[in-house]
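Read the structure below first, then the notes.
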């Protein structure tokens, strides 16, 4: 939204220098390092990154959903409305979950209990989190379903998850996440399992919700197309770190990190279809494979795949720093691009 | 739905048909002459011949099968070689007694097994989990007759808390409480192995479901773990637990044979034991058939129950 | 053969005794309660309380008091035999009623005889006929003289016929009305006889309950009810009596007996007509040799089996004549334990280096004691004299039905447990008429002299003469060593001290009419 | 190839319980072989000078003597032979037959598969123990007949495991890939699919071997097992019941414990194998629960 | 024109029997209703459609991995459905397939090398083990895999590497025609680009013809020369990529196109913008 406002008001969600370590059979593993991001009220943000880059881990850390036997420790700060989630305790945390922040699950197919009617599941959450009666909750649930652009809310309410198509199920999950009127919805790859046509509808729905209820949305995706369509600001993740963040325009049209640049170049160029004069350009290709967190070197994590890396990159650990001349919010984690070129 | 139930019921017919063939063939395969077995070793060969004709043993096999089936359908299970009585008279009261034992064992192993498995799953990796699963594995590795003997030794001989045998105290039968008193040891002996199996399965099922996305998803809404466990985990563990419990009925009926013998429980298993030791083939045949039919019916009920419990299955059936 | 004396003299004081309930733990479930069809002693002990024969045995005396049960008139007041020994006339008791209220008379007896002998009779019973064919071996016809007089004609004299009739499943009289009304099979489920007890209920595997017959023609039973409870596990029987769940148990495990005695239970036993014996196979190359048979007889330590293995619940047997039989003479011992003599005999037979052969045995069965344990004991004894015995064990019924087929030539011997109060038992095991396959003479022992003696004995009309003939036959059979008698069961029952009047006669069964419970 | 086995071995050896199980089985295998040399007495004959029912710890009789005066330790040692044979032989033979039936039924899902599986269904209508009893009763007692009965009883269960796995595997794309190369049906079934089905069958078979020991003991109790005087744990445990009441519980107790230990050892190995033989187990984080659930369900 | 056609599919149909129980009437499931198209030598032919529209079924029917219920498949002038088993087997080395789910496309219990070698063992003229080994290593190099992957098991490879191995396996027999069933759908953007580039290079190098099946349209738009749109088992539109994307005739096609999200908005808008300019 408004870039300046961030400076003055308290942010809705503010993650600062979050690092998360988990236990694995081969020892402890830092899956998130130095992750910082903020979401303001009513804002739509996005996190992009390839598989395994730590997107889901970020969300699970924010909501503290990592199972005890997996989590080793968190460090850093996670503030919601000024309250530090890492210190408020499990009971308060439970109120935040679903109350202030709710999740749209990555996989709507498996995130609904197959044994209960979907309506009952929405109502269950309402009854648990608010003081409403059953009939009130049902009414509200039907209302929500209608808002989701569902024609026959009553029928959907009475359906079992498996009776619904992927798109409908995703809508139900979104309705569920709205059940307690949260301030922030975090959606983990809400559309990657859907048909492209349905994906578009769901994205539009998010936008509608954002406008209508003023709910802030943090969307997780690996698709820059989605980011471009919906987000106001975006953070790009690679190997557990945010490598670049800024407004969507800044990041997409003026990417500073070689990784972001490469990713964007990987998107096929369709000019040849519209422009007779150009032929198909070969796709840009990042060399190598996504990084395995188990084998980290001391320098930049992207160094082995980077097309501009030099010796310095191997040695110095880059920090996330503001891109100087351009934007106030545009930051990048690259020694070569600090302060821009 | 009705059509499905009907078709499911009908689909047991070929199985039952196969079961009768297997059971019929069993007795065909015995070496020796059934007529002679009936009359005993010192009967005249004339008497044996008469009986052979009477029993239709000179007919071709398929005719014999036909006769046998048509008698079965009339409720005639045949005639015992050694007891010289119509088998139905021998087995029907015993069947009832066996059901008492089976149901009691089932109740024990399902309730205890589920509780044990559930706690173990929720406290996965804890001492309780390790101990109870270790014990469960041991429980599943013991012969039922041995468990029965050991229980008997401990609770009926050493401590005399429970009676050793029978269903009632003959001197002064004390109704239901008396029955219960007599029931506990054989029921536990029969239930042990299944208890272990159910506990293990419940544990792995619950662990599986605890890992499901929807369980974690509900947690992300701040619902308490205990509530999720109660509402979602339990509900979704139900079908596999019912499934395994249904299958355990077979094991329990098999195990009941041993505890019935050890505890002198007047059930069908005891009759089978006597029949086996005296080579009373028609009774073996009838007993096995009766149990198989019961088992088929139990499986049918379990299937239908599972359909009832699984909305997805119901729908795929409706779609047919 | 016998005169009519009145029954049960010790029952005269019955009015002073209370009734009550007696529970008997029996060693297995009873089979069918139809006395003609019943197959085992366990069942006969129950049917004997409900059914009565024309001529019976006096079961009220223990073996000690009377080593052979006397023949007594029961449903027949008296009987006589014709000069030629072929016609028996029975004068039936008047005023006897079946439990179903119908009248007992000559027609009823005729009905019963026909049920067992007349193939064309509507109520002919194949099973019953098969079971009793030895009794009816020489039967020709029956004839109703008047309402209470019956004639039975035989084709040849048969001195043991009355005794055979008294053997309990030969001619126990069942109610014709009950059979005509409910069919031939009904008697097993709803027994109707004339005895001192009547059938009350049966729960299979749990109990068979009899109640006193208040209408009984003779001295009424004292007990109100008798419950027979099947407890097939020996240990369970012991526990049941220790826990006071039953009053009497049959066949206690030998190891438990001392303990039970210490705890104050009475152990009552008798000398029923029972022999556990080996039959030598005359088709076998080694067993053909009399010396080998004798050697084996000498080599077996019968005392050891009786006292060590079976803890004194049996007695060593030195003859094939059953104890409880008129001609039994306990002092006449053949082949007492003498391994050296046995070795000598083998040497004489040219087998000093020993040989291998097989002993067939059942693993269990009615009256079988501990067949495998005994067989293993014999195995060890024979090893001493160089004979390697291989055991071939089978389940009882399989074994029993194969028994009368005889043995294959490679089998040396097999084992049986049997006996009768009548000396006719000798014919059953040793007469060539009963040679296997088909008969009880499983070893195919044939000796013309023995045959002649046995035939004479069974047709002789003079009791002394026939007894002498039986004894002569016994001597030859034993000299031939056609068998090796091992032990005689003493049929121990463990009885609670409050049970009075329970007597084990020289039979495999008993009567409960004189029994009472002392409070 | 080698690395895969190494990996599996490592995973197996890391599993403490499975290793213990393997040690037990190995030990009893050795014991079975050297029984005639290590057994203090002839198992079937009363030793010179020993009495009946000597309690455990008596001189010269570590486990005491039984109701016939035979040395229980010697009988236990010799009993390993019959126990191992009756556990392993039926399972191996049943496994071989089941592999053929199950793979064929799973791959040809048409009439052939249907007929095979419907026949199996019929056998599923009988509780396994009872079917074993019925078959053994009809064949008559004896070790060989028990083995035959156990083979027949185990086939339906193992076939079903092979069948469902084959069904699952044959829907995977590597089978299509093999078809695209024009591989024959037999090749696909036994060279492509079978190696993927085998591990879970091996694990399941091992568990079943443990169950089989227990079942065979039950048959012995009924008198259908190994015939006397051959030493057999099941028979020993059930014969001992005669003197159990007289306070000689050890005559039953000791062979029962032997059965328990051996059967337990097989289950432990089964569990261990289930985890160790799974190629995904080493690389992926997720635990593969599918197998054990199925295995447990099928034992009944 | 005609002799330039490599594969021609006509009136292809596939029904499945939905029968579940002996006592219930069976119901036919239509997987493919009516599909006809032809693929020219050397081109990349795209097959797009929503999920469940029958794309995979069509692809596999061409290889006769699934037996069609009706219709004809002509490859290089030969009617595949009329071929004997033996002739078909011989033709298999000409037509190969790359699967979507690289996880299950490899036998988990055989090494990558073994599985790539399979085709050579079956069809290769030279069955010498050493020769085959060499060939496989060559192929691995072609698809950009190091030689030490030869001895690895499938689960030891990443998704992208497995997909390369899948391509190597398909190419080892030097086929002329490759069916690519969503070969990159499961991959990350960066890896996707690598694979597509590889496919394009291979096509040039080996003179391949592709049938490219996808539901993600951006790649189809980039990669294919001609496209057929499948909906509910029927081909609703076939055209060259340019024509199709510029001038979608069918409403369904239009919808599909609009769902392609580019950085500048969805393709529908982009196109409108472009044509206005």
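We call the chains A, B, C, D and E, going by the order they appear; numbering starts again at 1 in every chain.
In the analysis below, contacts are C-beta pairs under 8 Å (C-beta built on N, C-alpha and C of every residue); 3 or more make two chains touch, one makes a residue touch a chain.
Remember, it's a predicted structure, so these values are computed and weren't measured experimentally.
Trainee: Between D-E and B-D, which chain pair is linked by the larger number of C-beta contacts?
Mentor: Most contacts of the two pairs: B-D.
Trainee: Determine, using the mean of C-alpha atoms as each chain's centre, which chain is farthest from subunit A.
Mentor: In terms of C-alpha centroids, the chain at the greatest distance from subunit A is C.
Trainee: Please work out the Cα centroid separation of subunit B and subunit E, and write it as a whole number of Å.
Mentor: From the centre of subunit B to the centre of subunit E is 53 Å.
Trainee: At what distance in angstrom does the C-alpha mean of subunit D lie from that of subunit B?
Mentor: Roughly 22 Å, centre to centre.
Trainee: As a quick test, compute the distance in whole Å between the mean CA positions of subunit B and subunit C.
Mentor: For subunit B versus subunit C, the centre distance works out to 40 Å.
Trainee: Using CA atom averages as chain centres, what separation in Å is found between subunit C and subunit D?
Mentor: For subunit C versus subunit D, the centre distance works out to 47 Å.
Trainee: Would you give the residues of subunit B that are in contact with at least 2 other chains, written as numbers and ranges?
Mentor: In subunit B, residues 14, 157, 261-262, 277, 279 touch at least two other chains, as defined above.
Trainee: Specify, in ascending order, the residues of subunit A that touch 2 or more different other chains.
Mentor: Touching at least two other chains: none.
Trainee: Identify all positions of subunit E at which a residue touches two or more other chains, and write them in rising order.
Mentor: In subunit E, nothing touches at least two other chains.
Trainee: Going by the contact rule at the top, pick out the subunit C residues touching subunit B in the complex.
Mentor: 21, 23, 28-29, 31-32, 34, 37-39, 119, 126-127, 129-131, 133-134, 185, 188-189, 203-207, 227, 229-233, 236, 239-240, 243-246, 364, 395-398, 400-404, 438-440
Trainee: Show which residues of subunit E lie in contact with subunit A when the two form their complex.
Mentor: Touching subunit A: residues 50-51, 158, 160-161, 188-194, 196-197, 200, 215-219, 221-223, 241-242, 245-246, 255-256, 258-267, 270-271, 274-275 of subunit E.
Trainee: In the complex formed with subunit A, which residues of subunit B make contact?
Mentor: 125, 212-214, 216-224, 227, 231-232, 235-236, 309-312, 315
Trainee: Over in the complex, which subunit D residues touch subunit B? Could you list them?
Mentor: For this pair, the touching residues of subunit D are 118-119, 121-131, 133-135, 137-138, 140, 210-211, 214-215, 217-218, 221-224, 234, 237-238, 241, 244-245, 249, 252-253, 256, 259-260, 263-264, 267-268, 289, 292-293, 296-297, 299-300.
Trainee: Which subunit D residues qualify as touching subunit C in the complex?
Mentor: Touching subunit C: residues 44-46, 52-53, 67-68, 140-141, 223, 227-229, 241-246 of subunit D.
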